[in-house]
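Let me begin by handing over the structure; questions about it come next.
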Amino acid sequence: MTYVAFPSSKELDFTAIGRLCIDLNANEINRPMEQTSTFTKYVGGSPANITIGLSRLGLKTAFIGKIADDQMGRFIEDYLTRNGIETGNVVTDRTGAVTGLAFTEIKSPTDCSILMYRDNAADLKLTPGEVREDVIARSKMLLISGTALAASPSREAVFLALDYAKKHGCVIAFDLDFRPYTWTSAEETAVYYNLAAEKCDIILGTREEFDMMERFEQNPERSDQVTASKWFRHSAQIVIIKHGKDGSIAYTKDGQEHRAQTFPAKVVKTFGAGDSYAAGFLYGLMQGWTLEKSMEYGSAAACIVISSHSCSDAMPTSAQVDDYIARCERGEITAN
Amino acid sequence: MTYVAFPSSKELDFTAIGRLCIDLNANEINRPMEQTSTFTKYVGGSPANITIGLSRLGLKTAFIGKIADDQMGRFIEDYLTRNGIETGNVVTDRTGAVTGLAFTEIKSPTDCSILMYRDNAADLKLTPGEVREDVIARSKMLLISGTALAASPSREAVFLALDYAKKHGCVIAFDLDFRPYTWTSAEETAVYYNLAAEKCDIILGTREEFDMMERFEQNPERSDQVTASKWFRHSAQIVIIKHGKDGSIAYTKDGQEHRAQTFPAKVVKTFGAGDSYAAGFLYGLMQGWTLEKSMEYGSAAACIVISSHSCSDAMPTSAQVDDYIARCERGEITAN
Amino acid sequence: MTYVAFPSSKELDFTAIGRLCIDLNANEINRPMEQTSTFTKYVGGSPANITIGLSRLGLKTAFIGKIADDQMGRFIEDYLTRNGIETGNVVTDRTGAVTGLAFTEIKSPTDCSILMYRDNAADLKLTPGEVREDVIARSKMLLISGTALAASPSREAVFLALDYAKKHGCVIAFDLDFRPYTWTSAEETAVYYNLAAEKCDIILGTREEFDMMERFEQNPERSDQVTASKWFRHSAQIVIIKHGKDGSIAYTKDGQEHRAQTFPAKVVKTFGAGDSYAAGFLYGLMQGWTLEKSMEYGSAAACIVISSHSCSDAMPTSAQVDDYIARCERGEITAN
Amino acid sequence: MTYVAFPSSKELDFTAIGRLCIDLNANEINRPMEQTSTFTKYVGGSPANITIGLSRLGLKTAFIGKIADDQMGRFIEDYLTRNGIETGNVVTDRTGAVTGLAFTEIKSPTDCSILMYRDNAADLKLTPGEVREDVIARSKMLLISGTALAASPSREAVFLALDYAKKHGCVIAFDLDFRPYTWTSAEETAVYYNLAAEKCDIILGTREEFDMMERFEQNPERSDQVTASKWFRHSAQIVIIKHGKDGSIAYTKDGQEHRAQTFPAKVVKTFGAGDSYAAGFLYGLMQGWTLEKSMEYGSAAACIVISSHSCSDAMPTSAQVDDYIARCERGEITAN
């Protein structure tokens, strides 16, 4: 069954709006960052990673965002372009904003953390007037990311993008991607996440992220069913709630729950799992696959990324995902 | 025909959320403020004025807002209470915010202006957590005002109040009341006005205010029909567009336009006309009157206020409005 | 003995830099402000009041400051000009700042308080580049006031004015005038008050104000002698420490203490006592009078102001001060 | 001749107050940063580098500063401790501030630039109350750095440190180290640099830095003599004005000019030249050497640092400086 109908006549498969930043990944891993001497630079930011992932998988993609007028900003734009992503709506800040940074610390494959630099970040300076309606009009899907709602004027830019997407029949996916930086209060966070989610067709997030959004509501048992049915009363067709190691469940408006198998992986770090999963899943959805198959594809893509040092740079091609699944089926890959 | 059905079983007829401030009206009028020596203090703010108006007309009312912890704040709360308005959800700021001020300048009955003090205003400090769901649940109608959207956290408090009103079947009226103070940009203004208006049953504003909201849209002829029909695609049942001297038009979801007669007045100043009109009109609507009769009632109430020195303190009772209409019908009142 | 030598050849007797604001004095007095209906508007701000006082006493004066681009700002400039004060260096803000306000509450002659509006105040927007060196070069004395140090860029403008005054041999007086509004912390306050006071010839303040400046020092007995001798190690020639009802003491670099008689008054309110005292005292000093006679003159001027409704508008002429002293000597005036 | 007398009885030779940050130096050099993949982490910040330099040269040193409550902050404190620097007055921020960063770009040995992260930097959060008087009281010399004046409350902390140093007879050195980040305006910069410099015994800066400080003055020919003599009218004993490739000149209060020979170096990058020069020069001064010899020692230390990849980590010991000079004298080192 098809849960989401994508407009077939549009030129671009996928456009994301939001955060573009730099990951600085520790080269000496399995130790605290205090003992790390060198870092390697990659493009980062959840919507950027997902877009790179979808581009690697073969879709036509574009990005709407803002970069700093410095070496880091130019590196980002160049990397997107080299990955086949249309960057005509990636604008350059002229106010002296900087590129957001994420230093990663990998104490062990399961004990990872991030040291964020988000003050005066260029991506949050995107204004509504800089969002190009024509780019959204040309897209089958628009992905928004919660971090872009964290401050003005980026917040307003996202709400305008949502309006344009509605107007032009573009399917909207919302990757909750909640990070406490930049937000003023938990109340503010809940209000804007809810306002945005009301307009979205596909919502992906962890149980904890949905809990945060239910701050002013009654869901004492933290029931996925209660959560999903709330969003089906608005625009949602698919709500994916992730339960970490216990796997993800996709709820659909017809009342069904969908689960899929997962794959083993030799884990280096957990960063990038969600982004690669989203890329694989949305790819499957656009191919018209079942939810179950799409979710499996997302899981396999995630396994590839968490077995690697980077997030963006490790995003797999279709051949790589297919190969990974095949090797798992042959029992060639085991967990660490 | 009834365009809006009010829930009959609720205890409170009307609750407003938003700005509470002080008007300082020039006592020596028909001159520039530079030549004014003394000022008289009144409670002010559009939603406050409308609530006072509806309370004078006999409705059971409440207010949700925030006041400064000073003499001005205490004066406001006391005045509301003395006017029969429930103030259990009027909270007191503890951060050192001040009471917003509006010094009025009356150069002539038609040349009036306002000198605003809105920096660090207490009313804009209302947080989502301070909005009491039970007050809204007990109300037949909730009125929001655009100035409360001008800054955080008041902006988020209004969005949460809208959610509560939706949840409890409360009719929502939106008095656009756009004032440029406090807003960061015209783009930001348009985005939040639109997000709020999508959720409202009744929208009242001037043509210029609706133009401001259509910043990112196509309505080159500034057509009222285009404007109204946009909102009927969301939640609106009634859209009133005011054209100043040319009168107001009420548009309804059934495609009808409604106009009403106006009355002559001996104008002292133009301040308060919109607030008293809104009070009279909403009163009529809740009585089950036709739109035309409700609009006339609003016009008569407005005539009384613009013939007086104050806004809030001049809000009429039903007897005063009835008497004014009767005197107009007998030809006893002529314009200046 | 002459404690301060004024440069005789300069054209202007006196220039002040700093706060220009509006007092809104309650017309209905001896009650809390909640019960006050009307207010009368006057020019206010300590350095403005002192300058008006010195101009009334017959000196040639100028002011360096910044006013809002509104009716209040224009009223202030006009009032200064009408009082004979040179306003060539009173600049107009173009950033949307407002005029600082002080609503006075007079519960009784001895229980007075002020409700301040200091957010986004125009006077604190004065920049160093707007301070005209030529105005200071033409002045015998420069008066600075502590409130102008409370925020940037006014703070830097005052420090530059001090440099210009030093360079051109201008006597510098510092009216401490500490008010907690606007300052970020008590530590910040102490640091800048001390930096400024180091450069001043005459320092006037209350014991509490000097205590505030000694935050990082050892003066456990709050000794006036310790306080005064600290400043004599810098630039000070005269340090006046006010002890409220117990009178003021002038300390001089030669180790002397000077006290003067005070006069009775029918007190309406206490506001303006310090400003009129400063005006009368500095006037005497410039006339070459003894400190004792100058202090008496200040006291008599203060009595006249606290017997009146306003501060600025009640500043006396020399004839009025002389008359007041004569009437006191004849026993015609008694305290209330 | 001895130009500055250091108090001999104090326990600490040298204490610096100000910036502590992280340098991220490009590993792949001689290219734009866009093409750099990996960076190595070092402790940075001009006063930190100078203190590390003096500690390596054998002096007893301490630091007064503030670090972020994160991995970068802990790395900094640990590095200082390992270098023998007393860190009892290095306090940890608890407000969520971050560690300032400096990404270095080395396009060629003479074309180097820095990409700074200074928003919400922990070092600028140091408050006056956190400056320990006892640490300064125990020090023969206090070094302040201009970047610590760039924002409150660090600015006020430095002014209080200057007061403590004056009170306890501590020699004060001012490394101008002007960087435009964080400062609000050029006017503000000039005002505070001048206020601080008035209190200092030794002032080191480039001609351009002194120009910046003379914004409100007359020195149209940018004369070093005019500049130096201004500071000798305040507290200065030695003023060093650096003219880049043309070498540095030390002016002394007796009217003398002092120049010293320089040494050849195989330059990798120019960063750190000023800090290592300052360390070597101040070391010589404290040894009682002539200005000329002290300046030479500074030059040799600088040559060693600019021949290396890092700044802090390359600071030489006395043995290394002596050896460098000896090798230069033997003609073993030539420029690149």
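Some points to look at:
The chains carry the letters A, B, C and D, assigned in the order they are written, with residues numbered from 1 in each.
The rule is simple: a residue touches a chain if its C-beta (ideal position, glycine included) is under 8 Å from a C-beta of that chain, and two chains touch if they have at least 3 such contacts.
Because the structure is a prediction, the values reported are computed rather than measured.
Traced through touching neighbours, the fewest hops from chain A to chain C number 2. We define each chain's centre as the mean of its Cα atoms; on that basis chain B and chain C are separated by 44 Å. Rounded to whole angstrom units, the spacing between the C-alpha centres of chain A and chain B is 42. One inter-chain figure worth recording: chain B and chain D are separated by 61 Å, centre to centre, where each centre is the mean of the chain's CA atoms. Contacts with at least two other chains are made by no residue of chain A.
Viewed as a network of touching protein chains, the structure reduces to one closed ring of chains, two contacts apiece. Applying the touch definition to all chain combinations yields A-B, A-D, B-C, C-D. Considering their complex, residues 127-129, 133, 152-153, 156, 159-160, 163, 184-185, 187-188, 190-192, 194-195, 216 of chain B touch chain A. Residue ranges of chain D in contact with chain A, taken from their complex: 24, 27, 32-34, 36-41, 70-72, 74-75, 78, 98, 101, 103, 105, 115, 117, 119-120.
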